[in-house]
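Each of the next two complexes has chain A plus one more chain, namely chain B in the first and chain C in the second.
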Partner chain A sequence: MAEISWPWQYNFPPFFTIQPHTETRTKQLEAWQGLITDYLKATKQSTIDVRESQNSPLFNNGTINRKLSQEAIVTVLEHMAKSGRASPLDKSKNVWEVYWHSLDEWGNMIYSWACDNGLNNSVCTLFELREGEDSADQEFHGLDMNILIKALKTLEMKGRCEVMDFEDNQGVKFI
Partner chain B sequence: MDRFEYIDARLFEGENYLKRDKNVKIYDGEDKTQFTDGEVVLTTHRILWGKPGDIPKGLTCLALHLYYVFCLEEESGGVFGLGGPKRIILHLGPALPGKRPGPAVVSPFHFVKFSFKDGIDPAFYKALTEAVAAKAWERTSTAVSPVSAGSPSSSHKPIVPVNSKMRSGIVGIERSIEEQHRATDESITVAFKDLTKLMEKAKEMVAISKNISTKIREKQGDISEDDTIRFKSYLMSLGIDDPVTRDAFRSDSEYYMGLAQQISDMMVAVLMDCGGIMSLADVWCRVNRARGLELISPEDLLNACKLLQTIGAPMSLRKFPSGACVLQLNSNRDEEVAKTTSNLLEENGFLTPEKLSQIASVSVLLARERLFTTERLGFACRDESIEGLAFYPNRFLNA
Partner chain C sequence: MRRRAGVGAIQKQRLEQEKYREKGSEIQENQFQQMSKQLDVFRENLEEFALKHKNEIKKNAQFRRQFQEMCAAIGVDPLASGKGFWSVLGIGDFYYELGVQIVEVCLATNYKNGGLITLDELRTRLIAARGKAKKHQEITNEDLLAAVKKLRIFGNGFTVVPIGKGKWLVQSVPGELNLDQTLVLQKASSLGTAWVSLSILTGDLGWNETRAQNALNHMVKEGLAWVDTQDANETLYWFPSMFAECVSA
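For the complex of A and B:
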């Protein structure tokens, strides 16, 4: 598991209590959003299960003996959902998908990469995007498949690409 | 009879002849004596008794100083009361030391009787009464004695009774009781004089205390910090001289107005001491302590405090979102509270309400409210954990 550099807030006890003061809470939630994103990126994760997450060092700081309660985690994730950085996968809001970048950002990122590599009007498989040698230095390299598809779907909505289904594979055609 | 003395029938200086009578017999108490059918001469100082013709010749006779007599009465004569009163009873005080020798050394009686064979001459009786009452010997003894110092008669100088308390009998007792009454009366008067003076002083004290309190309030530079503290403690113990009571007002609202004014007057200095804020329970204690006897109920206090703003007092009742009621100086704004509290937070790293209450010497309830206020203004952030509630400087906003 990759080590990340914990922000100063992580060792600040009030960080683990949702602040009632509006302005303070905004700052706090932003800090959490940054931390969660960084952590998931470092550990190459894209989903959070609220019921299990309290065991993760992300929400549980053993050094200062503080952990973020389940309700608080949901609050943080709901806040992230407002800016498109997360979305619940089930109705009881137990499992969340977390996006390091918003789907829109991902889409734009992939599209500009495709343009840079002269892939316009050509088709490539999603596997190529995720695991291909050409995209090895890209941020979306190794991105979760579900998220990748969602990102491409948003791109498709804007008319920049076309997602195609093959037999047991999926491809995309950049326009 | 032991009060009589033998002496030459001569007048002292300053002594005057008053009256005489004949055929007089002397009784020692109830007993007859050998002194019968004599002649009696009354002077301003004495009664002289002698055989007929002896006194005008200046021969030795019996003399009774009038200062022995403290009371006299007439005894009705005969068994059948015929012929009017015949005897005068003289009640006598005890024999004084230094008395010249007389016909008897001791006597079981404290009175003698003069029996007049021809009945009592009312003029004589009257003169005797007047002579006893006039107490001529008291005047002459001081005025005359220096003059007669060299004369042979100086040894005859009347002996003045020095101690009237030595008199006995019912009248003696009555007199001493009367004297005691007078003494008590006097001492009571003196005591009340003191009390009046004390009251006057108390008024002055109240005036002084009012002066001091206004001076302290104005914070004039001529009082040092030590003095201020000392005076304040005096004032605390002086209390309020005129507590506002319900009886003095016609309606409740008037009463509450008066009460509010008083609370405002007395709590200003106290609130300044306590950092501008005090819980209503504490205020209630302070107010009632100052009032001493005319205590007020918590409800009256609350009602009066609600009126503080309408009478323009420099303080107001404040209800925190938590429901806690406090009396707060108007100058004690939230911003100020938040600033001082956040400074304390910076100094201490973090604070629990308990810790703040110790540092700022306020109640835990108020400390909690102060922290909440600070938080509301964005100067603090909270940390809720199993260890309890704590507050930290707001690094989220001021990082």
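For the complex of A and C:
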């Protein structure tokens, strides 16, 4: 089990029932969003499969005998999607990608790192970005490949970089 | 046959009555003067006492309470007036300051307790917020209650709800709790579980189901209670303001 400090809500039984009252529900969903993000970050995961995750300690607190139902998990993820913190990978909304930061934030983070290191106008491979020594202290170090590419694509849309394909490798040129 | 009273007797009687009345008001005035003289002396002494022990009153919680009680006994409210000699004392200021801090704590914890906080939690947080200096530490529940009462002038936004056994909740959202809702809170507090259910209200309080459900629904609608549908028997209604981990979070 991951070493994270569980928020007080995790031991609060009604936290596992989606609240009927709008204001309370907003508080609840915000708390879930924070918890899910922290948990995935600590366990270095970036996807949630709704069908399987019910048994994960994240959604199942055995101590108080409460778990978040599949529909409830989807409700939480849909709430996260509204702020760009998650998006479904399939149409039936079973598998979700979760972003510790929104793609936009990731993109900006990588770009400002590139600027700080004088990488403008030079090309580096995605491998270098994810596992290179230069980025070892960066939060995006070791980021899921799919998410990394998506983040760079948002950056590309803003004209800050160009994503390019080599033979069996991908690279990026910062502008 | 009885003789009728003559005019002379009637006049005599009236004269006597007048004399009595005069004497009466004379005595009354005398007493009044004496009383007000006594009160003046007392007030002077009280003022002198308060000035002399100003620091003591501010610092020592027990002393403060006794002083409050003394003032209450003779109908003086040291908090009522920001002007005159009492303001020199700064006793009112002490409570105004507390009041502001109470509002701050209530607003800061609103996101998790929905605007309902136990007096104990309020006190703990307040003391933490006031800093470590020893003179800040001695805030009693009585001080807090006195300060919250002063917040009444802002309307019904801040109210104290007694939940029995010397415990209080401070409600910092507009909208008054009705008697039934107060009873629900008292029940949850006395059970010490932080939750209640329909069967507890109907069983322990002898309410019918409609009455119990109405009270519970209303508290959910006010954002004070959270619904938990995963209990084996029935729906539970939880109050984060009484949930230990929420209080210490």
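Heads up, the rule we're going with is that the second predicted complex is superposed on the first by the 173 of 175 C-alpha atoms of A that agree within 3 Å, B and C clash if a C-alpha of one lies under 4 Å from a C-alpha of the other, contacts with A are read in each partner's own complex, and residues count from 1 in each chain.
The criterion applied here is as follows: contacts are C-beta pairs under 8 Å (C-beta built on N, C-alpha and C of every residue); 3 or more make two chains touch, one makes a residue touch a chain.
Note that the coordinates shown come from a computational prediction; the quantities given were computed from them, not determined experimentally.
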Room on chain A for both chain B and chain C (clash or fit): clash
Chain B versus chain C as contact partner of A:124, first or second or both or neither: neither
First (chain B), second (chain C), both or neither touched by A:19: both
Which of chain B and chain C A:27 touches, first, second, both or neither: both
Partner chain in contact with A:65 - chain B first, chain C second, else both or neither: both
Chain B versus chain C as contact partner of A:11, first or second or both or neither: second
Overlapping segment of chain C (options 8-16, 44-52 or 188-196) - the one that collides with chain B in the superposed model: 188-196
Overlap of chain C and chain B interfaces on chain A (superposed complexes): 8-9, 12-14, 16-17, 19-21, 23-24, 27-28, 65-66
In the complex, chain A residues that touch chain B: 8-9, 12-14, 16-17, 19-21, 23-24, 27-28, 31, 65-66
For the chain C and chain A complex, residues of the former touching the latter: 111-112, 114, 195, 220-221, 223, 226-231, 236, 238, 240, 243, 245-246, 248-249
For the chain A and chain C complex, residues of the former touching the latter: 7-9, 11-17, 19-21, 23-24, 27-28, 65-67
Sites on chain B touched by chain A in the complex: 350, 375-376, 378, 381-385, 390-392, 394-397, 399
